[in-house]
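Notes to accompany the following structure.
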Amino acid sequence: MVGRILQFVLYPLVALAIGVFFLGLARKITARIQWRYGPPLVQPVIDMIRFFYQKSVSHGPVFAVGLIMSLAGSIVVVLFLPFGSICPLSGSGGLLVVLYVMLLAPMGIALSGGQGANPNISIGISRKLILALGYEVPFLLVLLTVMTHYNTISIVQVVEAQRDIGWSIASLPLFLSGVSYLLILPAMLGFRPFDVSTAPQEISSGPLVEYGGKYLLMATIEHALLLFIDIALFVNLFLGGAGNPITFFVKMLIVFVLVLFIHAAFPRLRIEQAIRYLWKWPTALALAGLIIVTIGRS
Amino acid sequence: MDRNQIAKWFKEPSKMANKYSLHAIYFCTGCGIIEVPPVITARWDAERFGVIPVATPRQANLFLITGYVSVKTLKAIIRTYEQMYEPKYAVAFGSCPINGGMYWDSYNTIKHLDKYIPIDGWIAGCMPRPEAIFVAVTHLWTLIDKGMANGYERYKKYYRAYRRNQELALGKLEWPPLYPIGEHTEGGECD
Amino acid sequence: MNPQLILLIAFGGAFLTYIFGKISSKLRDGAAVAISLALVAIFACLYGRRLQESFYWGFLGLNLSFRLDAVSWFFAIAIVSLGALSIIFSLRYMRDRERTDFYYSMMLMVNAAMLGIVLSSDLISFYIFWEMMSWCTFLLISYNQHRALDAGMKYIIMSIIGSVAMLAGILSLYVSFDTLLIPQIASSLATASPGYVLFVLVIFGIAFGIKNAIMPLHTWLPDSYAEAPSPFTAVLSGMLTRMGVYGFLLITYVVGGMIGGTGLGSNVLKFNYVLAWLGALTIVVPTFIAMLQNDAKQLLAWHGIGQGGYMVLGIGFGVATANSLALAGGIFHTLNYAICIVLLFMSVAAVQYRTGGVRDLNSLGGLVARMPVAFVGALLGISGLIGLPLTNGFVSKWMMYKALILEGHPFLAFAALIGTWGTILSVYKFLHNMYLGQLPEKYKHLEKSPFSMQLPIAVLSSAVVLFGILPGIPLRVINKICTWLGFSSLDVTIWGFTSETGTLNTMNLLAAIVVVSAVVWVLFHRAAKSVVVAQDDNYAAGAYVPKDKYHYTAGFYEPLFTMLRPYLRDVVDEFYTALAGSVRKSCGAVRRIYTGDVGSYVTYIILFLASLILVQLRWRPW
Amino acid sequence: MVNPVLLIVVPLGFAFLIPILSLLSKKIAKYIPPIPLCFNIVVSLLLLPRALENPVVVSIGGWQPGFSINLVAGPVGILLSAIVAFVGLLVSIYAVDYIREGATDRYHMLFLLLLTGATGVVLTGDIFNLFVFFEILCISSYALVAYAGDKAGIESAVKYLIQGAVGSSLLLIGIGLLYGLFGTLNMADIAKALQSPTSLPVFVPMALIISGLGVEAAMFPLNGWLPDAHSSAPSPVSAILSGIAIEVGLYAIARVVFTIFGLSIDSTSNFLMFLAVLGILTLLVGEMCALGQNNIKRMLAYSSIGQMGLILFALAMASSYAVAGGLFQLVSHTLAKALLFLTVGYMTYRTHSLDISALAGIGKRMPITSLAFTIGAFSLIGLPPFAGFPSKLLIVRAALATKECLFFVLIGGALLGTVIEAAYFFRVVQVLYFKDGNTNIARKQVPAVALIPIVIFVILIVGIGIYPKFITGLLNSAAAELLNRVDYIRNVLG
Amino acid sequence: MTFLENYVFYVGAFGLVLIGLFTILVKRNLIKAIVGLAILDTGVNLFLISVGYLARGTAPIYTRAEQGAQPMVDPVPQALVLTAIVIGVAVLALALALAIRLYRHYGTLDLRKITEQRW
């Protein structure tokens, strides 16, 4: 019981730590790729401390409530994802619940941003939602492929099934889905070339325009957790999860660095280009995977 | 980081974080902006010091004013400065904001930026080299450490005067005062 | 309390209200509220009761009979409670309008007719009440005049097409089996030929499909929803349209014998698969069309179509695969959708009431500061529509998705899931453009919505959350419906489901979300204080954004639309419009027969005589 | 001892009394028509119990049936004569106020003559007598259509007259041929002599008679006069023409087809099928023409054509259900259409225009009249709980019960017609209530004397719609009588 | 010849009917159409008479009992024709009256032009 409670308390903190580490790593590696020295790895932490202590303005209650909802949603999603052997809330609805709880984060940001009443926020949210629609099409297809293939909606069972038959990404029908997931991962994480919704140069970082101080802190934490969630989901579904947290972390790290290379090397796409891309190759791959799985099943 | 640093972190986390996380907002107000890209890109890489450019004053705590300030730009500068959260630092770049520089007799530039918003540091030169920006940043650190980078407090204290100067230069401002002005009295020009 | 008495109260109440209205408007309002609340009380008392009444009333030798069982109770309680809430909502909304007597009596009449539909146990009384509902609805839709007239025409034409199809179906059943009692037909159909069963299914499918606005038959809906008076739109979208769902359940029951028996009637299955796919189509296309709308009610109306697709998908699929989870999901979604959409329409109506009828999304904004209750209603409403966890919509959608995935129909599931994303995009636009964003100067001093509007919104909002947290409450009744339809019952707990393939426990979710939110809130609270500033104090590259000069939210999803607009035309509607145009044209051509020239008329007479004799000579039958 | 002859003699006498009495006072004429019509209703109701048991056969002049002119007051006859008298009564009450200009005494005389003719047609047992009464009906209706003396009325009357005269000539030729074949004019006698309608010599008179009667009964290609006449006549006349005259024509066709020629669906189905097709054709053409109309009375007239088509279709199915349904439809159409014309009469009187668009906003100015119009329209469409619903229900059921593909298709056409009908009637209802129109029209009800018939019609429509048993018994026996040829012959000839 | 002898009245009657119909169909003038109606009526009447006609029959009056050996023509059609003639006259009178009124309204009797009441 104590262990379970500890899991509940510690697991989100671990996830947050990993997420923040990834944020720092992202800045560092990007800098190295750009032939810069880069900030210290703890720079995001320093930033977050500053945000914590800095004053801020609020545009109304929804401005805060939306962010709280968003962050809470992200933390709850973390609780649903197995992390190695740690999995506090696995038995409560499975992947479908994860899918829906994941909606809380963008919805919260969108609500909060809406209250901000800034033209850049409007544009940013509009782009964010459009982009979300863009990557949700292949993403949902991928998830459905996995769920149909293993005939379960529980992530834990997907992980267990992979323990017997090897990684999903190595098996044929799911290979396509895995590739598709990898292709849309930058979009899900808001990395380049899909960072048009928060483009700083163009729309003053979009939904984040009015955030400062603790608001920005929460948005940063939310982003860190998003990194954790999306990558952990990939690792769980396609890379066989892991028996212990360390292996799991290593797998996540590999995937993240892969995404990071794309992030550092590509310019930003316009929103139509992004959608066009997302609905072309990743969707085609995911669809092919789903068709194969469906045929194989029947 | 030595032990001293760590002790400082525990003692005054807010001040330390402010120091090492200078998120800068700058306007392309004048020619000085040409020096900023080298500063933030591979050649000089300001990110080493935690200085990164951000897109909005809400996230920033460092305001770089790069070059001369025309009257029209002044309005945007004031607005942006007021929208930054405390603690906030303004650094003027080049000689024009200091005294008008080569535009000293222009009808359309302001001469002393300090009359309109409080400036915490000046970088002289026309143009200053990128290294000068690093010097400014390190100086700013010192000032922050000593509690002397307190332009925002000055602004609050003498807001009435600042506002009056701003209105003298720009005419009536559209937005309401940031701080309560109270009843308007004669005099009280700062510095 | 027998069903006739209830109907007598309902219909009599409608008439009485009209008469009272001639005496005093206060009396009328009181009567309308009292009658609707009395009906709610009656049905609340009748929970779990089973009634069956049959009496000969001299209707062409047909018995009219009424019943009350799980399914009719479920729908009836929804009808009367939503009806009562809309009546309460109307009190202020309709106060200074003309013809309010007519409005109230028609509202009560529609409710009474819907009650009649769900309480009737034979098809002829079902049909009578169905038609009464149709024309009452027509009158109410047309109430707002101007553009409402076309909407009303569209509605009534499609509705009449549906009901004549249904009439033919009903009478064909009567001719075949010599009975119209639903249970007897159910037992008779078990022995009918498969082709005949398919005929019955299709013809009733058309009738109920039109009412439920399934994709190729949906075109009446958007305009009608948009143009009807808003409190009535709530009823129209919440329950009236969903009479189609009730109809599908009825079909399911009628042909249910075929499923329960040994051989699953293949035609029934095919029909239901087609239904499920149509449901999927209905989810996707209208939901995306909804994004294009700039009229708040039109937007919600398209969602009305889309969400109807979920119900049809759930029921059709549930029947096709004998999966009670999907079926229960479909039925539950009917209730959830009704609550949410009524909530949303009421919140729109509250805004309309205060802003003087504005419902153009491009000219509203920022109303959260002025009308917080309406905003909370709208927020919970859209959360329910999307299916965010801890709202009722989540549970029903989860049930359907799970069934679809585990039965191996990922494409249907995909349609439903992507529909959710379409929903998010469009309802966010709705919420944002109406309540968030900038507040236009002219609405700076808008008053809060009056209490009689806040009350229904509050009640429905709490229902959204209550059924989301404790889905077991309605699911217990729905379970009974499933068993009535001949399906296996579900393992329902008060918190969700327990089964091997995947459980749902809303308590876990609730606890997690509440605790985590509390922690986050504490963190938030511990951080440096923030100052509340005016909405227009925001950063736009240092410029001061002049008030009311710009509206940021116009063309909210423009990049997407430029991509999708060519594909998101309502082709069906265009087809119907063209069809109607050509019918009108051909009617004009037919009229030319009457040339006005006596010579041609006499020629017709002689030709007719000649053709009669010709018929005799050529077509010699005798 | 009431005698069916009274049903004809009394109105006829009163009709000729009117010009004489109006010599005394101009105002008295308009109060006269209700008297004989009330009398007729009473007589019909008194005859009803007897007629239901056994048709009352009266021979005139004391000759035995077969040689004399006789009246056969069976359930159909009594039913229809009661309806004629009843609708006539209500319309005449309405006309007390409505008909103000022109030679009012002659209007009332012609009105009574028309009703006399109609009563005669439904009661007579003699085919030439039928022709005579028919001519009475027709000539008085020609004159009534022209009553207003305006351009439209005269033109329509002339056209009506020419077509009607041609039609009655055809009818007369047919009667002559029948007489030449069988040497008798008594319908029962002819029926007895005529064994099968299959031979050409028998068929030709039938074709001639059907075409002749069809002109009056508004069968599809023969109804060129109807929209003109019904729309340009004064509204009470339109009500009578639409509500009674064409129904009587249809009754005559049914009588001829079923009783004289003995067609039935099993032996000689094809001709009846042809009639059924014709009925649906009439229905569709009527409804389609009505759809685009802007003239409200013309629209109603076309709608009458459509309804006639439906009745013809029902009668042509020749099963007892179908005929009962057809008669029910006949009754409900009579009530509804008379109601519609009466309400429209005052509406157009108020707006000075026959355009539908001119009726905008009338719902607020004349609420009761508009409500009555709405109810009439709903009843015609066949919406519950109005009288049109059970009748349509019966017809559809009968068509489905035939289990013949053709009838399925045809009933599909009929239902399509219903949809079109709904389209134009609902449009008018919208215009009445939901369009803002001319606000100059004062809010004023129709005069009470005109309101009485309207309200009675409404009550009847709703009453029959809710409780159709009220008349179904009578209709069933009427249908049985109409179909049962053998009984008819036995009853008449003894 | 016997055919013509036996059926001459029928032929004549139908000839008249056809002429009448032809007139109504073809003639534009209302008066001519009315004349056509009259011809049609006459034809029909003639036809009715000839239905009851017997060659060399006597008038059907029983008072001349001595002629009993001779067949009598059928009296019924004659009665019918009397009625029909009366009706025909009434119709014609009405038609002509209406024609006068129509001319006042339209200033023409051309039936092709009097088509205000249509579709």
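Per-chain numbering from 1; labels A, B, C, D and E assigned in written order.
In this section, contacts are C-beta pairs under 8 Å (C-beta built on N, C-alpha and C of every residue); 3 or more make two chains touch, one makes a residue touch a chain.
In this text, all values refer to a predicted model and were calculated from it rather than measured experimentally.
Chemist: Kindly list the shared contact partners of chain A and chain E, in label order.
Modeler: C
Chemist: What is the graph distance from chain B to chain D, where chains are linked when they touch?
Modeler: 2
Chemist: Which chains lie in contact with each of chain D and chain E?
Modeler: A chain counts here if it touches both chain D and chain E, which gives C.
Chemist: Ranking chain pairs by how many C-beta pairs touch, which one is first?
Modeler: Answer by contact count: the chains A-C.
Chemist: Find the chain most remote from chain B, comparing centres computed as mean CA coordinates.
Modeler: Following the centroid criterion, the farthest chain would be E.
Chemist: Round to the nearest whole Å and give the separation of the Cα centres of chain C and chain D.
Modeler: 43
Chemist: Averaging only over C-alpha atoms, locate the centres of chain B and chain C and give their separation in whole Å.
Modeler: Once rounded, the distance between the two centres reads 59 Å.
Chemist: Taking each chain's centre as the mean of its CA atoms, how far is chain A from chain D in angstrom?
Modeler: Result: the chain centres lie 78 Å from each other.
Chemist: Approximately how many whole Å separate the CA-defined centres of chain C and chain E?
Modeler: Here chain C and chain E have centroids separated by 68 Å.
Chemist: Send over the residues of chain D in touch with two or more other chains.
Modeler: 158-159, 162, 166, 227-228, 289
Chemist: At least two partner chains per residue is the criterion; list those residues in chain B.
Modeler: Correct list: 56, 58.
Chemist: Which residues does chain E have that touch at least 2 chains other than itself?
Modeler: 21, 24, 33, 114, 116-119
Chemist: Please list each pair of chains that are touching.
Modeler: All touching pairs, sorted by chain label, are A-B, A-C, B-C, C-D, C-E, D-E.
Chemist: Over in the complex, which chain C residues touch chain D? Could you list them?
Modeler: 57-61, 124, 127-128, 131-132, 134-135, 138-139, 142-145, 148-149, 152-153, 156-157, 160-161, 164-165, 167-168, 171-172, 174-175, 583-584, 586-588, 590-591, 593-596, 598, 600-602, 604-605, 607-609, 612-613, 615-617, 619, 621-622
Chemist: Enumerate the contact residues on chain A facing chain B in the complex.
Modeler: Residue list for chain A touching chain B: 27, 31, 34-40, 43, 46-47, 49-50, 52-57, 200-201, 204-205, 208-213, 216.
Chemist: Show me the residue ranges of chain D that touch chain E in the complex, using the header's touch definition.
Modeler: By the definition above, chain D touches chain E via 128, 132, 135, 139, 142-143, 146, 149-152, 154-159, 161-162, 165-166, 168-169, 172-173, 175-177, 179-180, 183, 185, 227-228, 231-232, 289.
Chemist: List the residues on chain B that touch chain A in their complex, please.
Modeler: Chain B reaches chain A through residues 13-14, 16-18, 20-21, 23, 41-42, 45, 47-48, 50, 52-56, 58-59, 61, 85-87.
Chemist: Residues of chain C touching chain B in their complex?
Modeler: 534, 537-539, 541-544, 546
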